[in-house]
Amino acid sequence: MSGILNLVIGLAMGLNLIALGSSRLPTLIRAVSVQGVLLGVMPVLMESERLDWRVLLVALATIAGKGLLIPSLLRRAMRAANIEREVEPFIGFVPSLLLGAVGTIAAVALARALPLLPEHVGMLLVPGSLASLLTGFILLIGRVKAISQVCGYLILENGIFLFGLLLIHSTPLLVESGILLDVTVGVFIIGIIVDRIQRAFDSLDTRKLTALHE
Amino acid sequence: MIVMRDLMLRLVLWLLLAPLLPGIINKVKAWVAGRRGPPVLQLYYDLAKLWRKGVVMSNLASPGFIIGPAVAWVALIGAALLMPLGPAGSVVSFRGDVLLLIYLLALARFCTAWAAMETGSAFEGMGAAREVSYAVLTEAAIIAAVLSLIVHTGSVSLSTMLAPSAGAGAALLVAGLFTVLLAENCRVPFDDPNTHLELTMIHEVMVLDHSGPPLAAILHGASIKLLLFSILLVQAVLPMGDLSPLAAAGALAVGVLLVTVGVGLVESLLARFAFRRVPLLLTTAFLLCVFALLVAWKGDAP
Amino acid sequence: MNSLLLIVVPLVGAALAALWPNDRTRPWFLPGFGLVHVVLTFWQFLNPPVVAPGAWLGFDPLARAVLPAVSLLFLVCAAYGVSYLRIRSERPNRVFVAVLLAILGLLSAGHQARHLGLLWITTEAVTLAAVPLLHFNNAPRAFEATWKYLLVGGTGIALSLLGSFCLGYASLHGGGVGDLTFTALMAQGAGLSRPWVLTAWVLLLVGYGTKMGLAPMHTWKPDAYGEAPGLVGAILAGGVTTVAFTAVLRVRAVVAASGAGPMADRTLLVIGLFSVVVAALFLLGTRDFKRMLAYSSVEHMGILCIGAALGAAGAAAALFHVWSNSLTKGSLFMSAGNIRRAAGSPSMDDVRGMAILTPRSAALFVAGLFAVTACPPFGPFFSELQIVRAALGSGHGLATAIFLTGLLLAFLGLTRVVFGIVDGRPRPVVKANSKDFVETAGVVAPPLLLLGLSVWLGLFTPAILRTAWLAAVTQLFPTP
Amino acid sequence: MTLGLLLLIAFLALSASIVVGFRRPRIWLALTVAGAMLGMTAALRVLLGGESGEWQSGFLLGGETLHLRLDGVSALFLMLVAVIGGTGAVYSHEYWADQHNPSTAPRGRVCWSALLICMGLVLLVSNGLHFLIVWELFALCGYFLITLDRERNGVRAAGWLYLVASHAGTLGLFAFFALLASRTGSWNLGPMRAHAELAPLFWLALFGFGVKAGFFPLHIWLPSAHANAPSHVSAIMSGVAIKLGVYGIVRFSGWLPIPPAAGWVVTGLGATSALLGIAFAFAQNDFKRLLAYCSVENIGIIMIGVGVALLAMTHGNAPWGRLALAGALLHVWNHGAFKALLFFGAGSVLHATGTREMSRLGGLARVMPWTAGLFALGTLAVAGLPPLNGFVSEWLLYLGLFAVVTGKGVTAWIAMPAAIMLAMAGAIALASFAKAGAVIFLGAARTQPAAQAHECGYWMRGPMLVLASICVVIGLAPVLCWPAVAGAVASWHPTWAIGEPPVSLVTLGSAQIALAIMILAAAAWLWWTAYHNGLQRGPTWDCGYATPRARMQYTSASFAGIVSGWFRWVLQPERKARRPRGDFPAEAIRLEHMPETVLEHIIAPVGGLIMQASSTVLRLQHGRLQFYILYVLAGLIGIGLFVFWGCIP
């Protein structure tokens, strides 16, 4: 199973690069959405031998929340704001890609420094997680549109979710589901605030959000 | 009672003898210049005349105008009474009397300056400012000299401090103290008592507005101060304690006479310094005293 | 059971408040449930329950040492809230009241959480719950502040989640069975995998440090505190940051149990000093008196970290400082809120002469300034002095020097701003604006009460409180 | 009545005066004066009766039991607090009366009482924590008193500077007491000379208390605070508050062991402070600033004495230490008395004319004879001239220094320069006060307000008379003070007990009395003679200048010109001059401003650097969220590097 899992993780990492390189917001949202679905599949893959209803529940909730609900929320905000493209990012698309690539390599290298349990040794979970984390940071730091930043935040969360899979076997799923709920609610609230900002500022350009400074 | 009698005696002596010195100086100056000059007792005549005269007081002045000279006069007389006189020693002697002497001189200075400022005259303000400013350096020099005597004799009382000779630093001390004497008594090269160019004077300009008895008190006080410094200088250098009483008395008298003549000679031979250079000269005097102090320290150290 | 009550009662209150139909009477839910909570908390405080080692939630010594302060602060803020919401009657307060009560419940949960995951969940929940409070003013600036609060705070909280996972993984690595209660983690001790523990420490410190507002992760703080109503600031600065601080303390205990205690202490000391100095530099330049309070809060979070880094004595002093800081900061936020409302602007460029316009609030503000800058007889003086003593006692001379310099600079900055707005002659605009604001007892008494509590806390620290702190320290620094 | 009861009643009276202070000025005055008198009685009983008190109670304050102690050293300072506190209260009754300052006078009264309580407690408490509490409260009371007149920008700026400097000092004391507590394990204070490891703490105390004492170069706050405060406040700040800094140094150098270099450093600082302080004073044109700088000088003089005592302690308890310490402690009293007198006089002038600028005054002696006379007496005292009190303490101090020199030890190398600097300082002090007195009171009025001045009333004159008589009494009968000073010295160092006053002090006293009599006699005689011979009034002759004008009089700046020139390297005066040009010069200007050198040339640049750092940091808070997240990332990486870097070795 580890082979399939690694393939899925590899796909998710590829989606990271797509998210970094794309200037179109729909592409970005789609990448995030697909990554959410992939993430939903992973617990099933990991626990395929001891599948029980709780794992399935987490998987379904993840697919529903990360793959469908949040992306649709973002799409709505995007349409409301009538923007399609990320223009003039702080970090350009090519540099973002390069940074992402370098980051992915660094993540693989860094992950080797940390000891893994024997059952996790073959898996790409830790590098995948770190790479997503980094991608999330690059998007958060490098993008100007609020929606892109939310996507970045989502990818960051996805990275952490990936890492959390290491513990899926041993920790009670109550925690997992609580965390999942919190994240979903969190992003939901972010979505609401994005909507409010759109209404208050008539734009989702965060460069206009600099009234508060010294 | 003996103390009182002794004090009275000294008081009379100081009061009577002091005005002699300016007369001698003037005589020396006249002699060097080839003139006949005023009589030696000229100051006595002046004082007597002033004492009988009335006083003109500025509209601006308050009673301090007259009280000031009185206090200054008393302070100088008090300082004089503290001074040991050769073989006779001193009447009132205690640890630290030297400080009282120095501070009495300061009191006199303060009161003269105060009285001068009473009139609101710019000239007198100028004189007072100069007087108190230059005193900063002379005071430092005097304390340095006193310190050198203290180091040398190990005593802080005038009568024992002045008894032995000044030792190795004597020459330095003489030079330093003599300069201080000239400055403190406003003689050439610091001041020219004969000039009537008010802008250039220190002491004389302070008393421009004084007249009658207060002026007499000031002039008399000045002569006491001159005598005081002469005696201090002589006793600081000569080993008074080692001489027989008669010899000591004689040495003291001769010494004072020499100093007086010295002052007269300096006044005849030197011109008044530019004001800019006065601090320099005073600093030199201060340094001379400091060197005397160092010499005393080195010379007596085992 | 009672510890659950502490959580459930406010949550029930929140639900009731959300259903309550009347805007005018709803605010009374705040002091009502606040009072119940205080009573429950202090009853627990006086009769500390025995907490089962494996319990996920419990009124353990650490919760006992801190939660009463939060509860007290909430009650006073709630009393202030009634008058405040009366002034702000133009805004609907359904969400505001409900969310405030919910936050009280979540704070109780956070302080009592003895499980890594649960702790994280409550912290995240508090973070999210505070959002409606921040944009209560419904102004563009408020949304901007909320946005920054959410994203910076969200990033931080995400990192702390990652850190929690790392710590969990460290436990698995050491043969753990996935029990993430702090008791179990500490019991594992040196068995925890060192690289993972250190990674977890870094992530958790940054994560919860963001929540606390340690520099350089403090950036959301001035915006949020500056735009939120005064009493929200008071609860954020006195309650929410406290949860994050106790989280750091609990995690530190695990890290120390694993044998990396000195390293953890060094990190805390460095980040604490950095926060103090950076906050002091901000204080020297800021011109906005509400943002000033945020920077002062950053400074005090730094002080807490310094205290926590100094071993048992320092940690006890830090717990003391949690109390004194919560109470005094609360007072400052309220009097600043009054002044802000009266003046119509938070900038010292516009606001002057408030001693004339709002004499009581201005006096309270000045008194609060002296309280927060460690002037006797207020609480912070005593707690900071204890921290200095602990620092010097453990040989941290240089750190103390930096710390004291930071305090001096902060004092400079704070006095500059506070006296700038209190003194002088008011501008006509401000004068006209302040006509609408009446300094009723309802807005003056709560900050005064908090200052009084601060004085009482400093001068007459009850022995039972000291014992409570020491008990918490024993929990955090178990003697092997 | 026991000592403790006396102090308790004094405390209660003052506390009650806080309560009534807002509404009832007369009751407040009665209570404050009563409290002061009771405190004075207690102090006198300790000083003259040889009693001493120590009280402990189980009452916990800040977790520490109450521990009070009144011994010779603290009683000496308590006396000062009581005398100046009482006289100042009376003075303020007219000077800062309700009808002129309706909004601030009540606050002033309350703060005054609170200040007296705090000062008293500073002297009494014997617990580090409580000491810090009352110390800081005392500083805060001082702040609120200095800024009574908050309306004025200058006052606020001065108050702020005071507050910040004071806080810096307090933070030093934080470190001092915290270190002391952590080394000894308790906050309790008391003699602990045996703990040799505590010696380095002296430096912290020297800094912390030094800021309050205001010796050079820690005096930066002092001139502006004392100049801008209401004059009765200036009097107590200058006369008493800064002395509490001295108290701290004296107290803790007596209780704790001292490092070997302490005596050298303190003496050196004292001498520097004396000379530079008075050089600054001389150059001032604002008479209250002049008085303030003169306080720097006098603190320097006191510090010389303390330093010599410390030298003696580290050099085998040489007997000269006692003399110097006695001189220093006596000077604490003396300076308190004459400086308060001078500030009261200055207040009277300020009250009458509304200006502190000397060059706008003149000729006040004729309209304010009482103030002028008392101020003149004060100037004589502060210049250290016989037969007044200033001379006595300086004389003792000189004797100490001279004794060091005659000892010919290595310590003479600091005593000799100190003596010379002290002499120079004395001469400049004389010049400064000749200037101050003369420019303010003598000559002709330079401006309209000066011409229309009026004499102060009885409430202001009374306290001045009391203080002036103290100056005269201590001057003429120094032996009376001897038991007090000797007792303080003995309680400072138990083996330093000095019983009988030195013979020379007795002689000095008689010499001073004789001098005073002679002065009175001579003045009367000269006056009578002049009167008898005929006293005429006329215009100032002025070498016959026909149209003298008041503005042509010598001003304060011109008076100080020569000496200021010598000290230009440290005074750094800012001059603006436009010389008269051409045949018909239009306008010529010469402005001179004397900045506070340490503040403007040392503290200000450092402050500028800090502000630069601050503005750099502020720029980081620019409002762009992206960067804020970058800071989080940076924090993560930074802490990560710190943690893992530490693990590599």
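By letter and in written order, the chains are A, B, C and D; residue numbering begins at 1 in each of them.
Rule of thumb we're sticking to: contacts are C-beta pairs under 8 Å (C-beta built on N, C-alpha and C of every residue); 3 or more make two chains touch, one makes a residue touch a chain.
Here the structure is a predicted model, which means the values were calculated and not measured.
Each of A-D and A-C has its own count of C-beta contacts, and the greater count is at A-C.
The greatest centre-to-centre gap from chain B, using C-alpha centroids, is found for A.
The mean-CA centres of chain B and chain C are about 77 angstrom from one another, to the nearest whole unit. Note: centroid distance chain A to chain B, computed from Cα atoms, is 98 Å. With each centre defined as the average position of its C-alpha atoms, the distance from chain A to chain D rounds to 68 Å. Between the CA-based centres of chain A and chain C the separation comes to 31 Å, rounded to the whole angstrom.
Among the residues of chain C, those in touch with two or more other chains are 147-148, 151, 155, 199, 222, 282, 285-286.
Contact with two or more other chains is made by residues 618, 621, 625, 629 of chain D. By the definition given earlier, chain contacts exist for A-C, A-D, B-D, C-D.
Taken in their complex, chain B has these residues touching chain D: 51-64, 66-67, 69-71, 73-75, 77-78, 92, 94-97, 99-100, 102-104, 106-107, 109-110, 113-114, 117-126, 128-130, 132-140, 142-144, 147, 150-151, 154-156, 198, 208-209, 212-214, 217, 279, 290, 293, 297, 300-301.
The part of chain D that touches chain C in the complex is made up of residues 60-63, 129, 132-133, 136-137, 140, 150, 156, 160, 163-164, 167-168, 171-172, 174-175, 177-179, 181-182, 610-611, 613-615, 617-618, 621, 625, 628-629, 631-632, 634-636, 639-640, 642-644, 646-647. By the touch rule above, chain D contacts chain A in their complex via residues 618-619, 621-627, 629-630, 633. Contacts from chain C toward chain A in the complex involve residues 115, 117-118, 120-121, 124-125, 127-128, 131, 135, 139-141, 143-148, 150-151, 154-155, 158, 161-162, 165-166, 168-169, 172-173, 176-178, 180, 193, 195-196, 199, 222-223, 226-227, 282, 285-287, 291. Across the complex, chain D is touched by residues 90, 137, 140-144, 149, 206-207, 209-214 of chain A.
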